[in-house]
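Listed below are the structures to be examined.
Heads up, the next two complexes both have chain A, just with different partners, chain B and then chain C.
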Partner chain A sequence: MFSGFAITGQSVAFFLISLFVIACGVLLLSLRKVMYMAMAIGGVFIGVAAVFLMLEAEFLAFIQVLLYAGAITIMLLFAIMLTRHDEVEMPQKLTAHPVWAAIGAAGLGFIVLWAVKFSGVKWPTPSAESPWQGEDNVKLIGESLFNQYVIPFELVSVVLIVALVGAITLAKKEEE
Partner chain B sequence: MLSVEQFLTLAAILFCIGLYGALTKRNIIIVLVSIELMLNAANINLLTFARFGLVPAINGQVFTLFAMTIAAAELAVGLAILIALYRNRNTSDVRDQDLMKW
Partner chain C sequence: MEMFTWLDKPMSGMTFLNMALGAVIVLGFILGVVTYTIYFERKVIGWMQWRIGPNRVGPLGLFQTIADVLKLLIKEDIVPAKADRTMFLIAPIIAFFPSFMVLAVIPFSATHIFTAASNVGVIYYIALSALTIIGVVLGGWASNNKYALIGGMRSAAQMISYEVPLAMSLLAVVLMSGSMNLVEIVEAQKNFPYVWYIVPQFFGFIIFIISATAELNRTPFDLPEAESELVAGYFTEYSGFRFAFYMLAEYVYVFAMSALATTMYFGGWEGPFLPGWLWFAIKVSAFIFFFFWVRATMPRIRTDQLLSFSWKVLIPLALLNLVATAVVMTLV
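So, the complex of A and B:
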């Protein structure tokens, strides 16, 4: 499949990381206890942060660890603890629904893999040296964010405050 | 030497895992998590083309930053809805949430 694939430290690291990510994803699907599923998703988030590092997005890798592996996983654990934390998913009976879901997901996967690999699309050959030539990733993102994207940045802050207030209003206990 | 295809393949596999989980899981929290998985796969694709694309640019990373922010806001609202649902109906099973089903 990967013809002419040279074994370098980078590619070995990539395969180990992707193996970890996919293993955690499969664990998420196969585990029965909701608590363990939340732990598996934490593993996926950390693995994706490592993939971000390989893509030379150091700032985003850091944000991924902070936001996803830290905040979101803990928030999920809180939500699980506040609802039914000892819940166990029963092994599913083989009805039509999960079969169709599996066929749909696998079909989409095959279409995408075919488009990536075998459709003859010429992907740009990656340059070995970084396109940013050792410039500080955080500085580049900051400059872009506060020059070119300053209006979307402000709009995102509005979205965040609306989401915060909305979440509190929704989760608040209604008065009798 | 890294190639574009391997990152796209990883993202596609991750997306399909998320899709299957979102379609079949019973617990609402796990469904939300599966959606986050799909968003993460999309983020990997964005960063791949920001680094290895025809015109490498920092814009892809900024876009990913926005996508992560919106995903976090979405998850916060989703969990708040989940808490409200659990309080009212005392279940966190998707199949029981059929109040708006036709």
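So, the complex of A and C:
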């Protein structure tokens, strides 16, 4: 079923990182204090950045650390502190809900496994004659962003600015 | 020396072992640098304030800091009763970790020793130094003390705000050199017009050095730990070696920021006659001296002026600098 799976440094690292990300995700759901949850989500962000790093997407990895692990986690901390920072979730009553959730998650897992392994999809494999093999990916990202995709890129930045200003305007209005 | 250059070596067991060994050596080196940076700071400020400074322990007081650190290490590690214990214990570690990691991309010498020539070096530095803020905020929050909390909040607001002009002034240098790799930025400063980037980027450098001082929480931007109003800010409740960890992170950043400024604006290890590592040491020491000099000279800025100065003055100027650099680069 999993023939051709070799234990290399890379696959070991991948499993360790995945374990870390999943552990942080589970902690995020199971911890009761909101501050601890914010830390757990920070761990998830850093783990995902490590996965990007393994895929040789350094630029993406460190942008992920900068924006998600750095900025967004701090925004979460701020939001928590400015509201009720000692909030603790009450333990919930026992229901059939977790059973259905487990069945659903396992089912989704099987569907993904089937799609990846057995449905006969051809995945691209890296080859030496790939035109971008060994090139600086920062440069490639910059070139495609500002040549081919310059108009969508600028439109997205306008949308983000509008969202930002809109949020401030709405918050101001509520204050009054 | 050959074993500590890993720029174009495959990742094998031996290289990995050398890297681990190299990290230990850099850690030992940085501890030594921090020890004598603190001594140097006390001496310089003493000299500027017409005092003698530490002069009791060892010749010229050279062992003063070692004695201080030893005292911190054998002190009791106190956790306040009302503090959030887990967070209180791990916050200094979160704060220190990135400060040591950023040293990985600094090109110390011409032979590229101990350097990861990452093609995203500049972003790596900025991204990791942002993680320290989490440790600071967390430490302030977990202490369950109003001074610590205010200090932590101020620190986060200040460091986030000043990170933006810092990054934008560095981007102008990246634009000129065409690379985010710190090794290549140093190399680029050897090419045609043969001047360091301080000359074409003088304006950007001013923005950089102001934001760098604010990032380091040093006077005149030391509001997060303003003794006269906040006791000691976010580490008020800390003692023993957890306190030492916060101080260590702060001084490692002083070194790292000076190294970054040297690399980006002053040609790194480049210079005539002397060997590369010596030039690097001289330039970095000059920057460290500059930070102490400013501390001894300037009064503290007011809280209400702090953030508006960053958002309304520095960021527009940095943007202007970036656009002007881009225009000049296209025309020339």
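Remarks
Rule of thumb we're sticking to: the second predicted complex is superposed on the first by the 135 of 176 C-alpha atoms of A that agree within 3 Å, B and C clash if a C-alpha of one lies under 4 Å from a C-alpha of the other, contacts with A are read in each partner's own complex, and residues count from 1 in each chain.
Assume contacts are C-beta pairs under 8 Å (C-beta built on N, C-alpha and C of every residue); 3 or more make two chains touch, one makes a residue touch a chain.
In this text the structure is predicted, and so the values were computed from the model without any measurement.
Looking at the shared chain after the overlay, A:V48 reaches chain B, while chain C stays out of its contact range. Of the two partner chains placed by the overlay, only chain C lies in contact with A:G9; chain B stays clear of it.
When the two structures are aligned on the shared chain, A:F59 is found in touch with chain B and with chain C. Once the two complexes are overlaid on the shared chain, A:K173 sits against chain B while remaining clear of chain C. Once the two complexes are overlaid on the shared chain, A:M81 sits against chain C while remaining clear of chain B. Legend: residue contacts after superposition of the two complexes on their common chain; A:M37 is shown touching chain B, with no touch to chain C.
In the superposition on chain A, contact is made by A:V138 with chain C only, not with chain B. Of the two partners chain B and chain C, more residues of chain A are touched by B.
In the superposition on chain A, A:A71 makes contact with both chain B and chain C.
Comparing the two interfaces of chain A, the one with chain B and the one with chain C have residues 59, 63, 71, 137 in common.
Those residues of chain A whose C-beta lies close enough to touch chain C in the complex are 9, 35-36, 39, 42, 58-59, 62-63, 65-66, 69-71, 73-74, 77-78, 81, 85, 136-138.
On chain A, the positions that touch chain B within their shared complex are 2, 6, 8, 10-11, 14, 18, 21-22, 25-26, 28-29, 34, 37-38, 41, 44-45, 48, 51-52, 54-57, 59-60, 63-64, 67-68, 71-72, 75-76, 79-80, 82-84, 87, 89, 92, 97-98, 101-102, 104-106, 108-109, 112-113, 116-117, 123-124, 126-128, 131-132, 137, 140-141, 144-145, 148-149, 152, 156, 159-160, 163-164, 166-168, 170-171, 173.
Chain contact summary for the complex, chain B toward chain A: residues 1-10, 12-21, 23-27, 29-30, 32-34, 36-37, 40, 43-44, 47-48, 50-54, 56-59, 61-62, 64-66, 68-70, 72-77, 79-84, 86-87, 91-92.
Only residues 11, 84, 86-87, 118-120, 123-124, 126-128, 130-131, 133-134, 137-138, 141, 149, 153, 156, 160, 180 of chain C touch chain A when the two sit together in their complex.
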